[in-house]
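In what follows, chain A forms one complex with chain B and a second complex with chain C.
Let's look at the complex of A and B:
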């Protein structure tokens, strides 16, 4: 399965690092504990090498007659055998059919081994990284445009999935007890994860990258030793378990902070260590009540909150930006395609039986 | 000092250095390292190699020269380990067939290719000669189905060597493992007269499919297993696959238990399609009080090391017959699940809980601070134990979680490869299940998260529902932290129609407390669907024997797990 492949009307977009990072389960041939431990530090988000399995997935994908844009960002190593086979595949699948192939952010030493010669037209170049095109045609999109279009392809797909998994909430029985307000919509993260498991993994990968960009998680695997992921819901657990695999970090959870609003297990206090940072992992942050409670508990127990992360962040009030919060999708006054509304009994139209009527 | 059986297979001895690790003479590092390792193993493990079983492919092309060279090596090894010839069992493999000689013989004598498999003395002539030289002139009747046997005194068990080459000839279409069942039944009946000891069988070809190598399995494995089962033989030792994936299997409506001991290749230089090298392997079975401790060793980075991660069967009870699990039984009434009038069905509930043997890491972690608490605890649903495991300390630790993940991947392949749906049950089950998401996706298993039925009030319907396309699936794996009691399991199944409608239901728990499950097993027969249970580790935590009202701690609500 290819996790990262997306398409628009012009071309496919493929992110090699996402593929390596998301194929995390361990290779059955590694049996030596020492080798295994070393290899774990080079897995998940910290992987830099594309192995043969990933190429197999690339070769077996059912491509339509389109061009392709492949991003090699963060990839530092590909064996020569795999490169030879990859170039042969690209020539046969795309070049021979008159389609353009864009290779972005390729390390120069890797590109040299691909041996494209003058067929490779450079679009962007730094000391050791190069991006370019193989193919014909006058209108060539530039590097920045390709990156933007790839990001847009992801945003569009994510927006589509969010809309598909957002349902109307008309009945008070369906309202979640964890927030003391009426919500017009229910963003069903569980449905999103279950019906689009592969794509949702890609979302978690991008969330992980954002956490690194915001320095919530460190750039080097061994710098994360004092970091644990904290969660308190089933959906949070689903996301955290995968982030933990990507970052190779521990997890702490509380069952259950939200609806009951109580802490069941005092042993939890012992799980929070003074010298550790905790990143709170949620599915949707609405009013921030649960996250606030989690923050209080962690700090009360002596831990530090190193950041918050969620799939959907609802910005309810302006100028209340939370430091160190990474989210994949923001619903705000200016970006509210799903028409998300929060009401209380104090709003007009909500007086009767708690229904949120417009 | 315990006696041990040295289990070796697929040596593929040849003079071609690119094909075999084995070389005659002391200059051969590989052989010398192996022998040294065996001698060290005897010393360190306080064992004595008393028995040797070789499950075929001793030579690579079955030429006389190959056997002559290997004879010297084998005799030297047995001398140094002091293994008596009465304790050596050699079984031929498909590479022990002299195909060149067989082809020439058939051509010279105008014998049809279809008749070639019956020319036992020609095809196995060189092996027979080798056998004679190793075992002090002992004659091997190579056309028999039952070739030879050894008796393992310490565990009162015979290991019987079977001939799986009945249909092997020199033509490509004859490259198949097959046991002549008619011959086998007659010879085994004769052999077993007056014998009360257990019997294990050893062949070259496998009795179970390893990986996707279906063709490498005995063609008539099912028939042979059925026939052997009638004689209470359910333990199979074999090689051929070059891997060592020993495991248990419970099959059929009656829940027959089979035990497979797969021996890796000791000598073959192995590479896969990508050029990655496989490790060479051998196994050791240590005889302890009425059981065998199985250990795998692999040649890794120039050294022999014990390996556990691809081995699923580490301990074998000797006095164990095939009917360990209870047979199917009829039920009068189904548990009431909802208002729908469900049809009554036959229950297929296996009492057997298959425990992953590669669980030392879980037990070690359990011993660490705060991971196990003594006390008198009652769960919300009335279950009561005199101890409690701090599960978050297991699932929150990424190294432990990764090892749990590896174990489950292995168990999936071996025990429930055809599941279509995996469900992470409760907070803990969901952590385990979610961490395997890439694996589920790769294996086309749909993954779902499902909250605990005891927390139904804490979740809205959407969170509790199993996704609607679920109804199309038939085989479900439920992942949880502690193996639920049968009463609890019924509650879980009754909580959603999708669970009730599946045809096979597998439950996989991190821990299984045998005391918690004792006593409620009779309820098992009432299950509406086929249930098979698996656990990564078995624990022995005592439970409160008193009823809810009799137990003061429970009655007065003094200590409950959910409000510690």
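Let's look at the complex of A and C:
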């Protein structure tokens, strides 16, 4: 399957690096002890090569009659025979039907081997990277516009999925299990993962990129040796497992830190090592109570918290910035399409009642 | 005992094909039940190109006699170090090819070799590969995986001496992946790879003892074009024409779809001042930089007939002949590549 393919009314968007990162796994050819570690450093988010099996997924996708925009960012290697087959496919599937093909962020040495000649019209060019179009028609979107539209396609789809997976809470007067407030909605991450596992994996990929952008995870695989992902809930475990695969790092978990509010274990030092960095992985960070407890335990045991990561972050206070927190979707006063509300008993009779979300 | 084959102090492929293979054939002709004992107690050195050939020969004998083959090694020989460090011993044990005296091995205080100087092998079946039915897709998938493997195994060490130019390192890595790919697709046997690199250049040798080109082509319903075209040459050159048919098939695919495989590999090796030797059965064909680097005979041609004729014209009984016909062969395909470092 293709994880990264998205579409809007104009075209498909495909992210080659996301496909490589999400498809890589150890195959039978790399069973040699000498190379297992080296090969892992080139897998997951650190993968830079598109292999034949990825192309197979691209060829077998049921495309509608639309143009396509393919992003090759971070891709450094494609073998010649795969390029020959890829170009043949693009010509047959898109060019022959009069559809435009946009190839973004292609390394020049790879583009040369594609052999498009004059058919490739350059949109953007740097020393070794080039973006362009193959196709007819005078009006063509520029590079920046294509990037924005691809990002928008993801944002829109993600926003739709979040809305779909947010349920009304029947009894909004019942206290939240973890913190003493009343919540109006429940963002069901489990439902999100179950209803569209492929798209959820793409979300994890983008979350992983965010973590790298914020330097929570390093740019080189071998710099992450002292990092472990820490989770304390099932959903957090599901996300952490996929992040661990993308980054090739370990995981640690402590159960019953969450809604039950009780810790059953005495000897954390078995799980948490001195001087190691832990990244707390959660599904939704609301008021930060559970994450705060996790942080306290990690630091009490001598570990360091290198960052926090979650799929949805509820920004309860304006201008609140948490250091080293990466999230994919922020619910805030200015972005609250799901109409998320947090109430306390003090809200009744408050002069702001009913105006909080204005 | 009549079933002992005594190896010389130095074993090269030429020595192996002319002496060892002949002797083993004699043993088999006299007694088809008792496997030979390979006696390397005198041997001090095996040339890099002969290492995989001996392993695949052992694999062939194992299949023939349905049991591991006894291999005798001298207790104080420098070969012993190589046998341990190159993984010759561990691979032999894992695949049950040779029986080597454990006491001698365990008592030897060995000295590690560079990682590069270790033998690798490919399996007969890979679950990932078996699910792919289309032969071209299967080929591309295997090649991709093996390029990754070759880079991981050989890339760093080929670069560590800074002796080889980058284009030769790339050619070396893709050569290994290309030949191993063919081996997995065609041979249905284990294939063994050995790469030796020093400041003068690199030697690659890859050998299998599988069904070979001819049966693979028949199975895939492909034509052996050169065998049909040069029928009049008779059985003596049959294996030569099979090799050339395989290269021709690759050449035609290159012309039609710009696909790179065995033919492109051969021309790339020759362009890098290398020697490309391909052996099938009792026949070895040699493409060298001297004769083939600037050759334009095939330009604009639909097939490699001119290449077939050229090699035949230069064929002789001496050791410089581009076509070597050994008295005895054993099944499988062997490829040797030698790439010298270019003079600065």
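Just so it is clear, the second predicted complex is superposed on the first by the 340 of 358 C-alpha atoms of A that agree within 3 Å, B and C clash if a C-alpha of one lies under 4 Å from a C-alpha of the other, contacts with A are read in each partner's own complex, and residues count from 1 in each chain.
One rule holds in what follows: a residue touches a chain if its C-beta (ideal position, glycine included) is under 8 Å from a C-beta of that chain, and two chains touch if they have at least 3 such contacts.
Small disclaimer: the values here were computed from a predicted structure and weren't measured.
S.K.: Quick one: on chain A, after the overlay, do chain B and chain C clash, or do they fit? Just give me the call.
M.R.: The answer is clash.
S.K.: After the superposition on A, what does A:155 contact: first (chain B), second (chain C), both or neither?
M.R.: So A:155 meets neither chain B nor chain C here.
S.K.: Given the touch rule stated above, what does A:255 touch, chain B (first), chain C (second), both, or neither?
M.R.: After superposition on chain A, A:255 lies in contact with chain B alone.
S.K.: A:66 in the overlay: touching chain B, chain C, both, or neither? Say first, second, both or neither.
M.R.: neither
S.K.: Quick one: is A:22 in contact with chain B, with chain C, with both, or with neither? Answer first, second, both or neither.
M.R.: first
S.K.: Give the label of whichever partner, chain B or chain C, reaches more residues of chain A.
M.R.: B
S.K.: Would you check which partner chain A:49 touches, where first means chain B only, second means chain C only, and both and neither mean what they say?
M.R.: second
S.K.: Go through the superposed model and pick first if A:188 touches only chain B, second if only chain C, both, or neither.
M.R.: Only chain B; A:188 stays clear of chain C.
S.K.: Given the touch rule stated above, what does A:341 touch, chain B (first), chain C (second), both, or neither?
M.R.: In the superposed model, A:341 contacts neither chain B nor chain C.
S.K.: I'd like to know which partner A:197 touches here: chain B for first, chain C for second, both or neither.
M.R.: first
S.K.: Which holds for A:81: it touches chain B only (first), chain C only (second), both, or neither?
M.R.: both
S.K.: Residues on chain A in contact with chain B in one complex and with chain C in the other?
M.R.: After superposing on chain A, chain A residues 28-29, 32, 35, 52, 81 contact both chain B and chain C.
S.K.: Write out the stretch or stretches of chain C touching chain A in their complex.
M.R.: 115, 118, 120, 122-123, 126-129, 136-137, 139-149, 152-153, 156, 257-261
S.K.: Please give the residue numbers of chain A that touch chain B in the complex, ascending.
M.R.: 1, 22-26, 28-29, 31-32, 35, 40, 52, 81, 167, 174-177, 186, 188, 190-191, 193-195, 197-198, 201, 228, 234-235, 237-238, 240-242, 244-245, 248-253, 255-256, 258-260, 264-268, 270-271
S.K.: Chain C touches which residues of chain A in the complex?
M.R.: 27-30, 32, 34-35, 38-39, 42, 49, 51-53, 55-56, 79-82, 84-85, 88, 115
S.K.: Report the residues of chain B in contact with chain A in the complex, numbered from low to high.
M.R.: Spelled out, the residues of chain B in touch with chain A are 274-276, 278-279, 298, 300-301, 305, 307, 309-310, 370, 390, 392-393, 395-398, 401-402, 405-406, 409, 424, 427, 430-431, 434-442, 446-449, 451, 455, 457-463, 467, 469, 562-564.
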